[in-house]
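Both complexes shown next keep subunit A, but they swap its partner, so subunit B is in the first and subunit C is in the second.
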Partner chain A sequence: MGNGEKKKPIQGQSKALRLTGVFQDDIAHIQQLLEENSDVLYRNFRLSNTNKRAGLFLIDGLADKELVDKFILRSLMAPFSEEDHELIEQEGLKNYLKNTVLSIGEVKETNTLSNAVNEILDGMAVLIIESVTEAIILGIKKVKSRSLEEPISEPLVRGPRIGFTEALKDNTAILRNQGQNEDLVMINKTVGKRTKKKAVITYIKGVADQNLVDEIVKRIDRIEIDFLPESGYIEQMIEDNYITPFPQIQNTERPDRVIGALAEGRVAILLDGTPYVLIAPVTFSMLLQSPEDYYERWMPGSLIRVLRFLAAFISLYGPSIYISFISFHPGLIPTKLAISIASSRVGVPFPAFLEALLMEIAIEILREAGLRLPKPIGPAIGIVGGLIIGEAAVTAGIVSPFMVIVVALTAISSFAIPQYSVGITLRMLRFISMFAAAVFGLYGVILFTLLLLSHLVRLKSFGVPYMSPWTPLSIKDLKDFVLRAPVFKMKRRPMMLDTKDVRRKG
Partner chain B sequence: MITHSSNKISTVQAVLIVTNFILASGILTLPRKAAEAVKTPDVWISIIISGGIAILLGIIMAKLSQCYPDKTFYEYSAKLMGKWLGMAVSICFVIYFCILSAYEVRIMAEVTGYLILEGTPSWAITIPFLWVGYYLLIGGITSIARLFEVIFPITIIVFLLVIAMSKETLQLNNLRPVLGLGFSPVLKGLKPTILSFIGIEIILFIVAFMEKPKRAVRAVTIGSLIPIFFYIIILLTVIAALSVNGVVHRTWPTLDLIRGYEIKGLLFERFESFLLIIWTMQIFATFVITYFAASLGIFQVFKVKERKVFLGLLPVLFFISMIPKTLDEVFMIGDMLGKAAVILCGVLPLPLLILAKWKGRMK
Partner chain C sequence: MKKTFLLTFLCSSFLLSGCWSSREIEELGLNVGIALDKGDKVAENMGRVEETPDSSGFLFTNTYQYVNISAVPSGSKDGGSGQKQYVNISEVGGTNHQIIREVSLREENPIMFQHTKVIVVSGDLLKDTSMRKLLDLFLRDNEMRLSCIVLVTKGSAKEVLNLKDPSVIPSLRLVGIGDNVYRSTKILKPMTLTRLQGNIYSNNSYLIQNVVSKSGEVRFSGAAVFSGKTNKLIGYLKEEDLTGVTMITGEAKGGIIKVNEGKKGRQRDFEIKTIKSTITPKVLNGKISFHINIAAQGRLSENWFLSHRPINQVLTQSEKEIKKSMEQRLTQALKMTQKKYKADVIGLGERLRIKYPRTWEKVKSNWDSTFANVPVTYSVEVNITDYGYNDPKS
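Moving on, here comes the complex of A and B:
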């Protein structure tokens, strides 16, 4: 984002300095405050036929030059007629210019130097006129943004092909346009001590719980940090619990996901400069859901969701269950299977745990490497790593083919989770569960599960229990949990959110 | 946020606390104990009768607690019986819960060591178990209640599945004749079966945490009906599969039932691991709630900080669980606990309820 980097705090006595109306002094002061910035353009000109001098400051690259040339400079330099001069007599030069000459949408004024300088650095054009003690601020900022493409991180088969961009205004406009709701409220916030970034808290009035909105606003106001490059910073500064692997705020690039969440009574937080929008509060089941579940008919939607829960389960427990059965309880699996696994493990020098650890770490590195590489090389590395190393490791007798199957299944399962951050959570926990299995076998896995559940039931996201609607049990909310009821059956908004208006209308 | 942070439990959660407390070691040992006493297949009638008695006692205790809806037994016992007597009874309850808690842990260690972790010393099995319980306890009664809510459906589904798959081994003839030796064996079975309802006394302590204390009676009734249902199914299937004589000679008859069948063509042929998973979870539930009840007593009677009590009790529970040297000694402790339970939960509540009503009348 272009507007952030060049800001310089105006400190000390200059803060209260006002414009004097003496042209040279004002210009000199401003130039002094801006001296180091080479990207500031200054245009000095004569104001029409009034014999007054004027100066225009703007930032090269941020300002819409065409707008400046056509609607500001041209009209300011064109000669005024007799009637114009009469009007100047009547309403004063400044008001005349604002009312009659400057034909652009956003015009403000200020009388302090520091404000003027801040506005210049923010990308506005600032007009200084001889013997006028106010600077006129002209909104001619043109933010460069990319087109609204489908988000790379969250593709869907069915659903809108539109994603958020880095420009805050684009994002709010998308929400406004797609949401089509007159109750959609957007609260502007400025966060960051040095780099002041714009953030927007948005919710639907009359639906979202006011306590929730207040709490989020309060937490955002409490943020004290000088620089926020991405909404991940906000997420980390306002989450309930930082000693947990589970994300308590959802991030998404998809406007439809945000609008769906808003309609349920949740609150979204947008930050300038990032396409990732935060949604709060969030529950565990939400992280395994995809907007597509709602676009498809309810039966396929439900089935795919069940599949995802299964994938999450495999991703978490796959290797640990394998380890505990192979190392501790071979008697509990069918004899033929046990024999076939045992014979395939002949010659493998490591215990099952070490074998699994080796392969899991290898595949994690592979995944990370594939992610960082330039796009054309990524798949090639996947083939080299996955196929060749896997095959070679088995042939060399370091790992058993069964282990490769388990590890591959686990990896694929973790890709089936629609949220990247949750995928990471499950990957982390998988290693802990493997350790537990290595020490105590099945008992270790049970203990790990109990510990995990003990943690999850305590976790909250903005006061909403993370495991809802399973616990605290809310029968009505179970309609949208593992299974999804037909749309016409889901007449109520989630009870756990304490929405003001419980019924979904229309 | 503000709305959910209350330290209260819903009625469903209260039901599940009672249920999960009752369902514990009994699942594995009840058939043997009952069959030993009754010696006929009529044990299931005994469990229905003793279940009825347990519900009655539960209702008495619930009514007693409703006299002081925002206080736990530890808090109102002093008001009811005077400072010293009340304190003495409270301490009895604390000791009772401590031993019960340690007993459950030990049973868990024994079964786990016997079945899936042969050769692992029981301290190694016990210690991580205790720490997980401690971690849950820090979250307070709401966390415990929520955990119960999570594990309960898993328990039901897995349990019914595992039992249903044993249908091949069941022989209805083992259940006959009904009341072949008359009604007296059934009555003999009341004593061991009523002890399998230990846990119902928790209602004395959780009414104070309920959002709607008026529903305590309903909670305790439903909370005991679910275990009755479980126990009847277990007794019927175990005895149908192993016969009364077979049950008497086995330490863990329910496990033997599950180990007794194999199903070909599935990923798993034997299902005792599934039963063990849910059973471990149930033991954990009982352990946690007794651990909580004991800690609650200590910090309410002696006004100590919660966290300190939780932590301080951990080694105590560990050492108590290590005291018995053999399995027989463990079962002896179980019998002692049964006697204590009869006094504390069977005999005590009714006079206290009358006392409380009388005191209420006086005012």
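Moving on, here comes the complex of A and C:
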């Protein structure tokens, strides 16, 4: 529909303008304000047999025309009986219409022009009646939304196959539909200066820490930006620290992930127009977890989680450890491996660091290209890029086969991380780690790790330490860290969230 | 401002340092073995402009074995190229470190000793130079791993590191043979630099495996005996003598005891499964004596002596013979160490030190000569636990 850019600012002088009740003037004013909007429909008609004129404004495409025809226009134009006229005498025309004629669920009224215009642009039908100084606003908006599909960016083997959509109402409905819970609170917020968008802050009353909720509401209220196309804007506007590679707010399109987070005492933020819902606060371990860990039994759940930590480690340190070993500490490799690595590097013109950098950049480009390509040729390019370039580079003697293995393993590992944004974080840090390795070897890698850790332990997401429950150590929370305890053993909500109701079970 | 400065400082400290002390693995000479031989002024001279430096003094030859990485078959290039996978470089000089640096005049890649597996020392060199002096660099340097093993050869050490088979790296083969200790009683526990250091600094006499080479093949054959006082080689033990020694020291982990009943074609093999040696020192009125008890369990693996007696009798008979055979070896080992070399290489002193530290304090300064005259008794228990699927008689 794209009516976003058509919304004209209401000029200062007209803001205060009220409806006069003089039909011609009111209509003219509104039309003047909307004159550049070609998608506004205006229907001028006689109000039944009252001899009064009426005008209906609506946006073509946003309004449910069937509803307009059947329940607004038809009832307004059908002749009123004697009793009706008596009721009009008693209640006044406006109230009579609202109470008796307009069988529409959402009916509001306003007496300023600017409000009326805003409501029109929002997709409401606005009814102007001669000699009535209020405009009647009729909720006949029909939101265009797609069907609920499986989230593309976070598929699971086991778990609900439903994902959020772009329609805020659908999303809140999905959350409501997850089970009856009278404590599930949804606070409506309007964000954006020029283009106003609806956002919903949701949490479970009696579980989530009220200070946390207040803080999030405060930060969202403080957002001053004209336009928020995606929840990523909110994320960047309310996060604690902007000079960090680590995301402090989680985004997801999985309702089950949101519900899980709410139940732990976290807060979710939904924005109209995006399927990505934000979850705050976030800790590092959360970014390596998948809802599936909880759906599977605890042993496979724990093992897969350990595997993911391993993948994160490889993804961060794979090439840098390789560089350190090859360029600085050949004595640390077992002799036979050292011999075979050395022999495979005979004729490679670059030092290990340059070789690794070359291949890592190549694979990053490949990844980016694969993402942008039209779907049908994506896999083909993947094969060309991955296999052929990899193979040819080895055959041409530019890189050693070991390097290809390391790079491939690292790339695979970075995609084993369930959160896309964390995958990017680790990939960024990987390059820094490679530089550190190239300069000082393993010593550099350790220096880098120390820097990274000292940054991480200082980082907070909405007051919750990022590395918790590891630092500060909370033994009870370790039940759901690298390993996951059986569900019946996890009796308490995470301590770090300072929830009101600590007990989860029993 | 402060932050910018800090950031600039951090970045520049990383970027300005470049690739500090980095050396790619393929640009290093992966040394796997070293051979020390007597010096030869003429043969190793490599047509130098001048004479060998300080040719008047003591000279010896070092042979460094590199891995020839371009000859190592890798990945798709299957099979060996027929080229030798190693390069041996010999240089003459007066000290090890000097010789190492001489090599830099001949090879572009600096030698790296972190993967050095074996040091082979020629027995001729050790007869008049102490082990401590010869290996001083390697014992104290931080580059070489202390797990590197030391071997002695009666012949030329250089030849030991030269095999006919091009697909094997000789140093790795030597280490690999040492790992076969569970299959033969004639292999000593590898003398690593760590163990050697212990022996040298505590003035213990010790044995080092002797290795011989002939026409591009190597064989572990007996051991060289070193005197604790001088750290010099005083003689060799034959392979058969070594069996007795490893049984006493408990280094024997497995192997075959062959029994020969005198007549031809009447031999039996006893394969050791477990063998345990207990050395009990005794001090009575200042007189030191030892008792060694050896308990072996194993299987009768081969039997050429067919009889029609019941199996139990056969086993008892065999056990008796095996025991006799083992006792002979013990006698021989004790004779060699006590009488011939007068060097306690079987660890009796160590037991005495642990059990009677005060007595040890008195005798330790002259232990080897005391050892030569100490009465040692022994007893052997043999138990055949297994004789295969069939009765050995049928």
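Assume the second predicted complex is superposed on the first by the 500 of 506 C-alpha atoms of A that agree within 3 Å, B and C clash if a C-alpha of one lies under 4 Å from a C-alpha of the other, contacts with A are read in each partner's own complex, and residues count from 1 in each chain.
The definition used in the following text is that contacts are C-beta pairs under 8 Å (C-beta built on N, C-alpha and C of every residue); 3 or more make two chains touch, one makes a residue touch a chain.
Only a predicted model underlies this, so the values are computations on that prediction, with no experimental measurement involved.
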Put the two structures on top of each other at subunit A: do subunit B and subunit C fit, or clash?
-> fit
Three-chain overlay, vertex subunit A: subunit B-subunit C angle, C-alpha, nearest 10 degrees | 40
Partner chain in contact with A:Ser145 - subunit B first, subunit C second, else both or neither | neither
Using the superposition on chain A described above, determine whether A:Thr112 touches subunit B (first), subunit C (second), both, or neither.
-> neither
First (subunit B), second (subunit C), both or neither: which does A:Pro465 touch?
-> first
Given the touch rule stated above, what does A:Val457 touch, subunit B (first), subunit C (second), both, or neither?
-> first
Which of subunit B and subunit C A:Thr244 touches, first, second, both or neither | neither
Does the superposition put A:Gly331 against subunit B (first), subunit C (second), both, or neither?
-> both
Contacts of A:Phe353 with subunit B and subunit C, given as first, second, both or neither | second
Now for A:Ile339: first (subunit B), second (subunit C), both, or neither, which partner does it touch?
-> second
Going by the touch definition up top, name the partner, subunit B or subunit C, that contacts more of subunit A.
-> B
When the two structures are overlaid on chain A, which partner does A:Ala438 contact: first (subunit B), second (subunit C), both, or neither?
-> second
CA minimum distance (subunit B, subunit C), superposed complexes, angstrom = 5
Subunit A contact set shared between subunit B and subunit C covers 328, 331, 333, 335, 440-441
Could you pull out which subunit A residues touch subunit C in their complex?
-> 325-328, 330-331, 333, 335-336, 338-346, 348, 351-353, 401, 435-436, 438-441
Residue ranges of subunit B in contact with subunit A within the complex = 1-5, 10, 12-13, 112, 116-117, 120, 125, 128-129, 132, 135-136, 138-139, 143, 145-147, 149-151, 264, 266-270, 272-273, 276-277, 280-281, 284
Which residues of subunit A touch subunit B in the complex?
-> 209, 211-212, 215, 281, 328-329, 331-335, 337, 440-443, 446-447, 450-451, 453-458, 460, 462-465, 467, 470-473, 496, 498
Subunit C - residues contacting subunit A, complex = 14-15, 17-26, 28, 30, 32, 67, 69-70, 72-75, 112, 114-115, 117, 143, 145, 169, 172
